[in-house]
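What follows is a pair of complexes built around subunit A, which joins subunit B in one and subunit C in the other.
The block that comes next holds the complex of A and B.
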């Protein structure tokens, strides 16, 4: 039995394309942590070790609280990660998740403030509003790509800034709190229900957003892997021209992929702001979550389940970054440094994959692969 | 009439202060894209250049070693060097590793602000770095007394603006009037043809990306000097605005200048419209002006993409076997 499983493992290592990809993701993570460590080492050598340790173990510092908080932090990143991954599978690079997220957040908060007549459905409708407006914002680069051949990356970059300024304008016009110079707070009925309301022993801010994220993971996984539509999307991603030749309407698929991607980013925006204490600002800087989603999508190999785990890993880093300020003088920006390096190493993945394949071929003995 | 002139004396220096960094950074984008390497990392490179430049300038200001304008000059130089070095990371990924250029550039965009805030907060206790001096030149000797032109161009100005104009001229000459410039452009249009003529594609692309980084890094310092005396790890999307300038300018220097003029004017409107007679009564919110450049670029793309002037081989890693 044991022999068989070892052999199976070696076989997986040797033959499967996914094995080299998983290994290159792990290399990217290790590279990110290494550079993060070196930066800390350069700045304060005496604290670098404890700094890295804190980042890695933050999740376990305070029992269910830090554990729940880790999951809570991961929610918007899992969602933006899936948003980016979903478009990526159709061969589109959605660098505009941040704009879709911002517009979606505005819609969710707007509904959260004004539509109080909805009662217990209030927060659900607010999340749906976020998804719809995110979808609308995502469909624009999709339409431009399909009908005017505009590069979706450039269009998304422009739409990020348009969205950022538009949301500021809309906040100031409709839901402005003059005193705080921020958006008003949503009504309590629009807050995502906290899981601590269900499990009384639980102390973190973990809320229904995580359930929503799990649903999105499941739905996108099914769409991509079990439906004709998903197959068409991926086929357009592999080869646009061949897909058209095979009778797939590639324009429709491009638009739909960007729309769905935008909807998921919009949901991410809703989960970020349908909570007590976090108010939308009128600063013109772009929200980081959309870009972090790119890293998580790459680490998760553009598969929804992979993104789920990569997102949880990000949540753990974020939690560690929180405790970092307690144990050292380092600030949580080190997490962003690590994420940036992970993205950079993911960009080099093609090279890693070739190299990893080369090493595997050398290391795994021929006899272990076995002949059937 | 005199009120019109006064208005011009108020607006023109503001517009020029915006045009110069926009045009410099957009030209930086052009240098990279001319060789076929997409560079959406302009924003991050600006931040890196500005950060290193401003830290050095701050140290020099505190120690009072050099005269003030000399420090500005050194700051620009340091910004250019650090921008060029930082851009080699993008060059390495895009050229040697054949990486996805958008992903690599995104990494650069995220890394620079994170690193500058992280280090600044550790060393200075704040992410808001103050240079500690104002580099504004009230009146340029002699030139400022020329009627009309003097008040328009030579009062309330920055040395960095003049250096920027000079650098812009030099860079355009380099790209369009020299052998190296021809090579840079040929590598972006048809790398295989260039390769067959014995041009080292990798080397030329490195040069393009590094010059791009130097211009963006310098642009970052100019940005901080012109618009703020402090730096907090961001150039407020100016790098992406410069990218829009390059695209709206159709990858041509003249187009870049015109686009920079247009975007700079809109930018000034966004920030100073309340001081302009006729506009303050229209009550157009400043966000509309701020949005305008991006909307314009999007519209221009929608109507021009079918016959885009972008370099032909843009975004493709060079593969000698594809010939």
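The block that comes next holds the complex of A and C.
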């Protein structure tokens, strides 16, 4: 029995296109942790070990609370990660998740403040508003690309800034809180319900955002892998010419992919601000979450399931960083260093993939390889 | 005499396939050594090992009698080995000169010694009669000229062992003659050449010896003048090959496709590249459009299939005006298209083979239920095509198209298009770059289609192919149809005159 499963594993190593990719993502992660460790070693050798341990185990430090908190941190990142990954599968680089997220967040918060008549449906409608406006913002570079062949990277970078400034204008005009110099806070009925309302023993801030993220993961996974629609999207992404040859409407697919990508980023924005205590600001800087999504999408190999795990890993690092600050002298910026290094290493994934394939070919005994 | 290269018992395995299995090869100084084998036999792999692109699993390589380890192309360059790849590796927006010196730049205090490089390239191109303008951009020169750039690249690096991977596959008959002359010049100057090909005619014309590969195994090395073409072909495919195809008279029936004064523009220059072309295609015949590459055949097919808009004129399919139909509609209304560029249009290289088999039909209710794929039905369908068209690959329906050899890619496309059961088949250079076994198969398939009553429009540059397959021949020159012929009443010489524009008659469709 044991022997059989080992053989199965070897076979997967050898034959699966995905195995080398997964392994290279893991190498990227280990590389990031190693660099983080070295930095801590340089700062304070006596505490570096504890520091690394804290980062890795932060998630489990306070039972279900820290665990729930980890997941809570990861939700917007999972969503922006999927937004980027989804567009990427259609051959589009959506660097504009930030703008879509900002516009989506504004719409969600606006509905959250004003449409109190909705009662128990309030938060759901607010999330949908975020998705719709995010979709609208994402569709613009899609339309430009499809009909005017404008590079989506350029268009969506510009829309990031337009979105950022437009949201400031809109906040100041419609939902401004003079005293705090921030947006007003949404009504309580618009907050995403906390899971602690369902499971009373649970103490983290984890809310329905995670359920939404799981639904988005499942839906995008199914679209991409099981449906004719996903087939078209991927076909256009891999080879526009062959798709045209086959009669696939590439323009329609480009627009749809960007629209859906924008909607997911918009939902991410809604989950960030439909919570107590976080208010939209009028700072003219772009929200970081959209860019982190690019890294997470890369680390998650542009697959929804991969992004889910990469996003949770990101949440765990954030949580670890929190405890790092509490228990050692290290600044939480160590976490940012680790994440930055992981991003660099993920970008080098191609190199790792080659290297991993080479090592597999060397290490795995010839007799284990299935010959067809 | 010490051989310049000795490859001993080379074995190279890819996941699921032994691409080279205990192969040996010996290259003598000053010889042209042909490497012959069907598509997928492992020729490119063997040469990639020699050029340092893949590590070898087993075996050894000796250069000038000394065992060497070639870990990457730089090692190969240092040993004087150069390679012209099957798919050129040039940068489109760089000049000829820049491409030649790229990665081998000679600098003085950080500045390129541009003038010296320029002179060296001109000297080389004169010495070996490799005419090419060093300042032209790659994207503006012909495929034949690009190949010369690749050759100059090797010579610039002082290579004296030259590997050519199927260099003639992309060339016109005239360009092939020129290339063979260049290769003769090179050997006279002391270079040694390995020529990968599966055209027996070329081997006979130029090679001294020939090593044959079949399914990864070395079958043997022969002196070319001691063996017949039949023997070579048999060693290559492992069975007797019939060089002549059996073909009865055609029985043309209904007109299914009609072009009336078709004009198509080049998308960049806005000049017409297809000019006022009219013809009729009937069920049960093979109509061939012959011509030298670049005379508008490609754009004519784009116009017929919808990849480019028809600027003026009319296209009728089954008597209906189809001039403005979408590609999808034309696909569904009965056009199958075996495209000229199989990697650009024919396949999604990063899709599995089975996903490629449903490229036009993914939306057919056989393959999905309310938008959700029926994976079993797709698998069955793909397996049927693989079996019927003898598509060989490492992992069957799950093989990525990218990892398949050109011939098997072509067979897969052929199978996909024919199994769509359309009654018009447009085949553009369907045998380009393929070996005799595959060519025989494709020719027989096209004739079978005709005999089943389908209409076949063949676009071909190979006069052999034109003469064996056609029921009617049209010659295209500079975007116009300049002659119509009955293959029984013409010969290659006469067609050649029309193809080169020396003669022209009014074509009445």
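Just a few scattered comments:
Methods note: the second predicted complex is superposed on the first by the 369 of 372 C-alpha atoms of A that agree within 3 Å, B and C clash if a C-alpha of one lies under 4 Å from a C-alpha of the other, contacts with A are read in each partner's own complex, and residues count from 1 in each chain.
Keep in mind that, in the parts below, a residue touches a chain if its C-beta (ideal position, glycine included) is under 8 Å from a C-beta of that chain, and two chains touch if they have at least 3 such contacts.
What you see is a predicted model; the values in this text were computed from it and never measured.
With subunit A as the common reference, subunit B cannot sit beside subunit C without a clash.
In the superposed pair of complexes, A:158 makes contact with subunit B only, with no contact to subunit C.
Ranked by how many residues of subunit A each touches, subunit B and subunit C are led by B. In the superposition on chain A, A:243 contacts subunit C only, with no contact to subunit B. By the touch criterion defined above, A:60 reaches neither subunit B nor subunit C.
In the superposition on chain A, contact is made by A:234 with subunit C only, not with subunit B.
With both structures placed on the common chain, the touch criterion links A:226 to subunit C but leaves subunit B unconnected.
Clashing C-alpha atoms with subunit C appear in just one stretch of subunit B from the list 135-143, 189-197 or 279-287: 189-197.
Under the contact criterion defined above, no residue of subunit A touches both subunit B in one complex and subunit C in the other. Interface residues of subunit B, counted against subunit A in their complex, comprise 40, 89, 93, 97-100, 102-104, 106-111, 113-115, 117-119, 121-123, 234, 236-237, 240-241, 243-244, 247, 285, 287-288, 290-291, 294-295, 297-298, 301-303, 305-306. Taken in their complex, subunit A has these residues touching subunit B: 39, 43-44, 93, 95, 144, 148-151, 153-155, 157-162, 165-166, 168-169, 172, 284-286, 288, 291, 294, 298, 329-331, 333-334, 336-337, 339-341, 343-344, 346-351. By the touch rule above, subunit C contacts subunit A in their complex via residues 13, 15-16, 55, 305, 307, 326-332, 337, 339, 344-351, 355, 359-360, 362-363, 367-368, 371-373, 394-396, 400.
For subunit A in complex with subunit C, the touching residues are 14-15, 17, 226-229, 231-232, 234-235, 238-239, 241-249, 358, 361, 366, 369-372.
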